[in-house]
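A, B and C label the chains in the order they appear, each numbered from 1.
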């Protein structure tokens, strides 16, 4: 207990509080700008933190990443440009709410449940870090293969009018993911001799293209008529929040738990957490038909999940120095420089600094509410801008964002190509979201499959031999087969019904 | 008409509203410098480039923008450095892969495609196994691999990556065929180590600093490093020669370079600045904090170093059948 | 929607088959049983299969639904609409080609103003909004984030 008291003393200094606040504001801005991710915001902080004391340095990184993941929801809701990849899963849903005049409700839900999700992830981190890290460390390529396949099944549940068209979109994404040199064989595929293509298709420009540029093209081609609806005011913010918490407490708890769990696994972070949470929300919803048409339920679950994943990612990072996601990968480097070497010893030798880190987590998630509220209020001004002015601006920001990902015009080319692709797909009722999912999960599936086969000397049984892998495998196969089984049952029943 | 008008207007607006630096200085550098990193944000190369970048900024009095150009196992970023204008405003950090990619037929680029500035870091490969593994030293591990060809799987980086060569070279020097320990490609050292702990692979030949936190956590032990002499950071760790009598050294290195054709005066100015940075407490503390090895070789020494590295890597890659 | 589904189905099938044929040129990897070609071939086969299913399904529906087929959304696009769409693409391509030499500020201004004029925004509004946007982009990306946007002709001033 003495350590906790000490920790309070460490945190409650002007230096720590100011750096947390400044980093929060910085993260908020970066996260809200398309193309700039939470990881980039953190990487930019590295040279600055080098000249800071350990605690303010770590505090700045925590605050910055939490804000960036939340802020990604703002352009995603208002402009259909996911600010960070973690928002992509529910971009369409949130944008549909904006089209219905419920932008403020969507943003309010994003803010509230991001903060709660973040706090939940922190709570898990505090209570169970060492024990959970132990479980996560047992995951080898066999387990990850099943997880990735399970992730793919999300494509079936995320908003396709026809499952066949959802699958087409998914396979296009998977195929795109095979481009480049970054495959287990280390062989250039579909590069046609271009150096830039060796890097593959960076999925952030692709994402910006599929969501934002396709929307711009649609406006250009069909005419940019303004949204007919006026945005309804949320009124008393906190009363509305109370309603959402009551109505959707199940979704929220599930999103929190799932997000934290995905975050703890090394190699899967906030992005994947949001996808899986959204799909799960639809699967278990009493009103799945409302999904994709501007329904807050799925947003609640997935926005909770991506922020909860941030806390979860710190579990293996602090306990073993294994990054849970790309953000913690940067943070681990900083911890080393600051002499806070991650590892079990950190908890024994330096408990007060660990508690101080936890306190900053809590603080950052509490700061999120007033700061996020201010940014949201400012951002909704965008909705009053006529769409014929707004659309070219979206194009401009998308271009700069696509460039900034890797500082090359190649990013803009990818963005444009996927913008055209997305436009053609959506004009033909093929959803774009599964395509993004395919680009994200494709490399994970291939890598884990190939490495597993090398390890098992080509035996498929190995995918079920390890206990965790076996359970995951059977579960995944059941989930994959469940729509087929359902379809078969209906087929069998239908002739009977017709006859009657 | 409209466009000229527009351009003037925008230029005027830009000139009026954007905070401009003072009048242009005659001497280099008179505007911000871009430093290209061929690897992603968060990795060791990125961290090294960023710390040197921020110190270089102080040294030269101009902002140094560190930008990541990732992809294609480093090919994309290395090409971007080589293709930039040799005016001193684009620099880059080049890594050991420059001596590997051309052997694989991925690019025409070699160490000769750059104006060398200075080598600043070398991290030798280490041999890591699970902490509860039954072998005391490398000798026992190698004997076990020899006795059970194909049973022991190794990992640490992608197929044909630097740590893959480290393993293959070590095996070859002990006259064990390279396929006796099949390589499991991974996305860098961290996933490889995670797989080691999870029981997916038995050996990881990455650099020791990359494995340090798991070593500290008592999950992984390092048996030897592939260097001429022991490392300052890990003095208890024997070299491969001491432990098993195998004369094989290999390490990942990082150095700074500019596009080919950089004027000699700018080259000297940059090398002088890097020299100062190398000797600074900030740089030394930073590298020590991360557990990275420091090593200094400017200009021609750097070229000799790269030449030697290039040839020895080529030899191993040909033996492995990785070279084209 | 029937006709377009058949066309898309056929395109996907052709794409899938092309990829499968191209993937045959990928080398086998010593020590890896499943080489570089396995996954692309697997995915391309699935894509081609989906294409066949889509085209076949639409073909079967054709008989029953021909009279009440939903009109395709793209059928409503006017020639002017198509031109604007192509012009937008051209603007982005132009940016990629010329931004390096001329600099991002003038070329981005052309993209923004051009886009707004196409959508019927008055010219002075377009100019003012573009100038303000470029200022914001400059502050956020160049000043705050240090993204090396091409300076081009304006290099002496920036």
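In this text, a contact is a pair of C-beta atoms (placed from the backbone, for glycine too) under 8 Å apart; a residue touches a chain by one contact, two chains touch by 3 or more.
Here the structure is a predicted model, which means the values were calculated and not measured.
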Legend entry - Most central chain, judged by mean C-alpha position against the global CA mean: A
Legend entry - Chain at maximum distance from chain C, centres defined as averaged CA atoms: B
Legend entry - Chain centre separation in whole Å, for chain C relative to chain A (CA means): 23
Inset, instruction - Averaged over CA atoms, how far is the centre of chain B from the centre of chain C? Could you give it in whole Å? - result: 35
Legend entry - Centroid distance [mean C-alpha coordinates] between chain B and chain A, Å: 30
Inset, instruction - Specify, in ascending order, the residues of chain A that touch 2 or more different other chains. - result: 40, 184-186, 407, 450, 454
Inset, instruction - Would you pick out the residues of chain C that each touch at least 2 other chains? - result: 29, 31-32, 113, 146-148
Inset, instruction - Would you give the residues of chain B that are in contact with at least 2 other chains, written as numbers and ranges? - result: 67, 159, 182-183
Legend entry - Residue ranges of chain C touching chain A (in the complex, touch as defined): 1, 4-5, 8, 12, 19, 22-23, 26-27, 29, 31-36, 38-40, 43-44, 46-47, 50-51, 53-54, 57, 72-74, 76-77, 81-82, 84-85, 87-89, 91-93, 95-96, 99-100, 104, 108, 111-116, 118-121, 125-126, 129, 133, 137, 140-141, 144-149
Legend entry - Interfacial residue positions of chain C with respect to chain B in the complex: 29-32, 105-106, 109-110, 113, 127, 130-131, 134-135, 138, 143, 146-148, 154-158
Inset, instruction - Mind listing the chain B positions that touch chain C in their complex? - result: 3, 6-7, 9-11, 13-15, 17-20, 24, 31-32, 34, 63, 65, 67, 159, 179, 182-183, 321
Inset, instruction - Would you mind writing out the residues of chain A in touch with chain B in their complex? - result: 39-40, 42-43, 46-47, 50, 137-142, 180-182, 184-186, 188, 195-196, 198-200, 202, 266-267, 319-323, 326, 329-330, 332-333, 336-339, 341-345, 406-408, 447, 450-451, 454-455, 457
Legend entry - Complex contact set, residues of chain A against chain C: 29-30, 33, 36, 40, 44, 164-165, 167-168, 171-172, 174-175, 178, 183-187, 189-190, 216-217, 219-224, 386, 388-389, 391-393, 395-397, 399-400, 403-404, 407, 409, 412-413, 415-416, 420, 423, 427-430, 442, 445-446, 449-450, 453-454, 458
